[in-house]
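To start, the structure itself, in structure tokens.
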Amino acid sequence: MTEPLLHLSGVHTHIGPYHILHGVDFAVPAGELTMLLGRNGAGKTTTLRTIMGLWQASSGRIRFDGSDITTRSTPDIARSGIAYVPEAMGIFTDLTVRENIVLAARSGPVDRNRLDWILGLFPALKRFWNLPAGNLSGGQKQMLAIARAIAEPRRLLLIDEPTKGLAPVMVRSMIEAFRALKASGETILLVEQNFYAASALGDHVVVMDDGRIVHSGAMSDLVADKTMQQRLLGLSLDAHQ
Amino acid sequence: MSSSSALPLAFDETRRRGGILTSLLSSDLPRSRALSVILFSIFALLAATPFLFSGSQPVGTAAKICVFIVLVASYDLLLGYSGIVSFAHTMFFGIGGYGIAIALERVSPTWGSVAIGSAAALGLSAVLAIAIGLLSLRVRAIFFSMITLAVATAAAVLASQLSEITGGEDGLSFQLPPALRPAFRVFSEPVFGTMINGRLLAYYLVFAVSLVVFLALLRIVNSPFGRVLQAIRENEFRAEALGYRVVAYRTAASVISALAATIAGALMALWLRYNGPDTTLSFSIMIDILLMVVIGGMGTMYGAVIGAALFVLAQSYLQVLMGAGSAALAGIPLLPNLIHPDRWLLWLGALFIISVYAFPGGIVGRLRQGKP
Amino acid sequence: QDIKIALIAGKTGPLEAYAKQTEAGFMMGLEYLTKGTMAINGRKINVIVKDDQLKADLAKTLLEQAYNDDNVDLAVGTTSSAAALAMLPVAEENGKVLIVEPAVADAITGEKWNRFIFRTSRNSTQDAYGTAAAVPASGEVSIATLAQDYAFGKDGVAALKNALAEIRPNAKVVFEEYAPQNATDFTASAQRIFDALKDKPGKKIINIIWAGQHPLPKIADLKPERFGIEIAPGGNILPAMQIYKNYPGMEGAIYYYHAFPKNPMNDWLVAEHQKRFNAPPDFFTAGGFAAASAAVTAIQKAGGTDTEKLITAMEGMTFETPKGPMTFRKEDHQAMQEMYHFKVKANGKDANDLLDLVATIPADKMPIPVRNKR
Amino acid sequence: MSDMAAPSTAPAELPRAKTDWLPLLLVPALGLLALPFVGSPSTWVTLTVAGLAMGMMIFLMASGLTLVFGLMDIINFGHGVFISLGAYATLLVLGPLAGWALEDSIGLNLALLGLCILVAMGVTALAGAVFERVIVRPVYGSHLKQILVTMGGLIVTEQLIHAIWGASPIPIPLPQSLRGAFVFGDIVMERYRVVAVVIGLAVFIGMQLLLNRTRIGLLIRAGVENPEMVEALGYRIRRLFVSVFIAGSALAGLGGVMWAFYRQTLTAGMGMEVMVLVFIVIIIGGLGSVGGCFVGSILVALVANYVGFIEPKLALISNILVMALVLIWRPQGLFPVARR
Amino acid sequence: MTASTTTTPALETRGLTIRFGGHVAVNDVSCRFTPGTLTSIVGPNGAGKTTYFNLISGQLRATSGTVIVGGEDITGLAPSARTKRGLGRAFQLTNLFPQLTALENVRLAVQSRADAGWSLLKVWNTRRDLVEQAEAVLERVRLADKRHIAPKALSHGDQRKLEVALLIAMEPKVFMFDEPTAGMSVDEVPTVLELINDIRKRGDATVLLVEHKMDVVRSLSDRIIVLHNGALVADGDPAEVIASPVVQEAYLGVEVARD
């Protein structure tokens, strides 16, 4: 078996005096889409931030692509091929849509075809190309955050709740986008509350609760098992769309 | 909360109404044993300075501490509680000083003039604070700061230009009402080895007024009004949406703060029997105030007490201390030069830097840390 | 018992250099006058130096301390006029002598004066008379003044006008230009002055009355000679006067310049200062020296440090200083003294060789009015 | 931004923001307005040229702060002391090469000036690096602490200047061929001011190119708003901030040299004296805008000259007046870049 | 009383329009909202829903048109004044006092409603009633155990709940919810929906709800209006509106009737 692209083992994270993550272990296999699910406050965002080095793991290991990134600095982690869409989107409100994307393309001008593809997914961005991003609507900001993460090909995408605030039609195109990205060989770790989107996309699923991993396995198993959904997520898939 | 929080906020609904001390302190107790001890010592020392120490320097220093406690606390109301960075605070301090100085020098050295001078100064301060507030509290914070800086500069220029009234660069020396003059004796014999004279009365006047104003400010920041100010500082947009008229609240805060600063200025002038641009209007005093607020702990009120006491002491005795140190180290190369009294500014500058590092949440924040 | 003297000066802050000179001059003065013993009539002199940081309130507090806590017999100070003015009432309250040096404000020996105050430094009016005396005594002279726009500048111009009326009736101030206190660009001021002066008959002079960064080169670079206009800069400390070097021939009046007075005291001061500090003594060195001389002479004459005896001794007392004898005038205790009319040298042999003496202006040629309400 | 073409299908509806010419027109408009009040055309030309040049000098001193305060949002009160430090650094050159200043050779004189500038920029860059590391770094993001800490740094550095070079003012010679003025009829133009114009323009153009042709300007603005996100995009924002701070300090040093030769006297407080003016210029220009700072400097200097000539009483507050008027017209300054 | 409340709408907008340069974000929207009803506002991203709210609650000034609350024209008023007249608003992008505790966040809302902000000489904790009301609200959104935590240390979902709590604490006449459940986990959503349902059932309050979860919209709404490119394009009974082509195509992205 080949080594997973990303591997967390026994990761603990403290924020100030609070102990948030209590030994998180899971793997993200290369080329596939892994969903990270869990209730509010379970520690999903903290996990992603710890991977990005925005919070330091107090113990445990994080391996990416064969090397240990636990103690690396955030820019180095990003340069090793990880893109991140934070929960709060991290839009630069002062900068225009274009400037936001320019910054995301670290290695020079964005490939013309890729840009057209992205703007095809999110036409609103094209429309407001020279508008300060702070003036975008909530959903448009979310689109921009995603667009930024995929402006250049990356090895791994960490995405925190991309569908919140998106109209159903946009959720659909987002799902299409992730499918396309996966097809082009990118690996995705996705945090999602929208179980419909999650079940439509995920190959693997990891469920967190209270800073620990409480389940991990194939998505299809979870989709099939209603009682497990009830136990892990507090609601069954049917009740929601 | 997390240790990074630089602004320890005192929300603790378990605090009930309690004894007289609690109500005097507006139920905003020090909440740390060390802090309580320090505050009480400062209070006790200030209350007894004339009887504890001989000579004019300790009393002078104590009076200056009292005045600066009021001045710094009033600035903390603006900065720490309302998040307004104003550089015009010394202007109000100056107005208070000039109110007293002009009334006593140009009218007559009587209590009537003290009353007229203070009333006129308070009135002028209130009007100016409202004008500045309404005109400019709507603009962005940084611009507000720059506008106040400009206004303060203009005030200093005005004080210098109107030399007929203000004494210009030279300032005004004046006489106090007879009861406050050194020659005035309450008893012919010393009490506890200290002569009860007009100077002493003047000190206790400064002390008492400072105490009252400080307690009033403490009450205000712990009132529902004070809570709104903190909310506005945190998120002005949200406060407005909750139904609080941000500009009105901010203007009110500026006015209260300006009035307190004016009182401080009046006290300063009364104590010094002198007022001039360097004493109350200069930008370096503004910087001192900032430092005292930050060292003491922003948004805590008690920080003002500690910051003012510490800084005024340092300012008064740093040179003396350095003189002693440099004499003691005579013979060693270089070192005595560095702590030569004439280099005291160097160490003051270093003190600025070090204290901001050592007490990121102010001394009060540091003391309260272990004890939630 | 020691004789205790407090020396208060603005030792830190923008005028640090001035205060250093005063202190050095004062100490050298004591040394010279006591022949190195630092004692008078067997009583040791103990000098307590205090730094008022140019702050009036601090100066006041320090003087209170000096009189009360340190029990000094008399005090000398201070650098800033504002601070000196604030000190005056303290001397009166404590009933002790204060020798003012080097503050220049007229009010010190004018309306704010009290009988405990003596001043060795020159006052603004003396400066003005000096300047006036440096103006040619005959022929028509048109003067434009350039001064800072605050009390010091305005008083300076007013004093100059009085002095001219008094001793140089042939000269008229035809234009007064006031620039902001911290102005750096003088193009506009210069243009206004040129416009005002250029069509005037006779000799045309720009008189600069300025504290701090001197506008002289800025005006000179705009070539006033195009219109036959001359510049008369005031006297200043040596480092400030070094820029004069580029404009030889300018004339003006000065309070002290090391090469001018010819007397043993000054010879010793110049030689000794050169030896110790590798530079000639300056403006305030001479002032400090003079203050020391006043104190020593007074104590000797009064036979002790009793305040009333000191005052009696000092009123009308003449004492030697590096710039010749000075006399404390009875009425207002101002030391009457010489001034010097100078011309900027063309080729000085070193950085501090700047001025040629045109004439010594004796004290009695300057009828300084008495302004105190005695 | 040459970095990226617009998407192939032109973005609909919303056109590109137009270049804003209005503030630029302000300068000639002001000049024309002043002409009738000044009266004599030759005086007017003298005042205008002198004002433009003074504006350049102010710009040189302010340009570094535009980066540090305007773009990076660090209130550096210590900027003034870098100006002083740059000025004093000329002594390092003028000491050994004093002769070059007295020589009446344009080449040698300019070489001396150039050398002074190089050395001063080096010294202040170094000082800036130390300042950033020791003083400013721990207080990124907190304006108040920045004010205090940089004030402390200012006092310490000023004292060190006193300790090293002494407290007395130090006269320095303006190189021979830069002295005096060109005279055309009744119009005079100081030579040194011409040099200032040339250097000011060069720095202005250089900065414009650097900030607009690279993504540095964008990165700084983004980094101030959300440093975490910029790092998550893979940029070492810390390193960039340090470099910008150093560049800002070096520019202050350059401004200091120019200012020193203008004043011909060095005092430790000389930088602090112009700080209020510099802050005003940056506010007028709009935070973070090099162009705004440039126009603002010229405006302030011109107004000072015209007002100083027409009604000197008002000269005292002319800067504040200009600032007030500009802010009433454009509350964000002339060309705001950062919208804080 | 009841008769008059049914005839005067709680909130009405007439020809409400705002332009940003060439872009019309809200285009001539006229609409009345009667007390006791819950109206959902749906539309694609960027349709102008949030902007519409901003115009009503005063964060933005309309280019033209009027806003009328309880018969009074409030178009010129500041946000705080509108709040005092009974408009309450929860924000789409969480907007709280990040360093004050959750309880203090809510207490400030309660205090505003009680008009107690201008008392300068009382100590805040002498108003026990305000604190107790605030605690009750926290209880209702299931945040009582986190009352001493400041929003900046709360997870995203909890912040959303606090945002809702603030609105409830203000007890306005008109409630405006802007995607209250976005980012909330599946098991938390029902709590919030229940809260909204309670408000609606009370009968005197008017609720405006922006929500992208169609099941929520369907189950709660008395009426749906649709915004598209800033204009009001459909208005009516939930089932009908959802079935309309414009919603199906532009919003849900379902392709209708190809042939």
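Labels for the chains are A, B, C, D and E, by order of writing; each one numbers its residues from 1.
The rule we apply is simple: a residue touches a chain if its C-beta (ideal position, glycine included) is under 8 Å from a C-beta of that chain, and two chains touch if they have at least 3 such contacts.
Note that the coordinates shown come from a computational prediction; the quantities given were computed from them, not determined experimentally.
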Farthest-lying chain, centroid of Cα atoms versus that of subunit B: A
Far-end chain from subunit E, centres as C-alpha averages: C
Separation of subunit A from subunit D, taking each centre as the mean of its C-alpha atoms, in whole Å: 44
Whole-Å separation of chain centres (CA-atom averages), subunit B against subunit C: 38
Inter-chain centre distance, subunit C versus subunit E - centres from mean C-alpha coordinates, in Å: 76
Junction residues of subunit C, two or more chains touched: 16, 149, 181
Residue list for subunit B, restricted to those that touch at least two other chains: 1-2, 345
Junction residues of subunit E, two or more chains touched: 153
Subunit E-touching residues of subunit A, taken from the complex the two chains share: 15, 18, 38-42, 45, 87-88, 124, 135-140, 142-143, 161, 164-170, 172-173, 193, 195, 233-235, 239-241
For the subunit D and subunit B complex, residues of the former touching the latter: 134-135, 138-139, 142-145, 147-149, 151-156, 158-160, 163, 276, 279-280, 283, 287, 316-317, 320, 323-324, 327, 331, 340
Residues of subunit E that touch subunit A when the two form their complex: 20, 43-47, 49-51, 92-93, 153-158, 161, 179, 182-189, 212-215, 250-253
Contact footprint of subunit B on subunit C as seen in their complex: 11-12, 16, 51, 54-57, 60-61, 64-65, 68-69, 81-82, 85-86, 88-89, 93, 105, 107, 112, 149-152, 181
Subunit A residues touching subunit D - in the complex, by the definition given at the top: 52, 54, 73-75, 78-79, 84, 86, 90, 92-95, 98-106, 108-110, 112, 115-116, 119, 126-132, 148
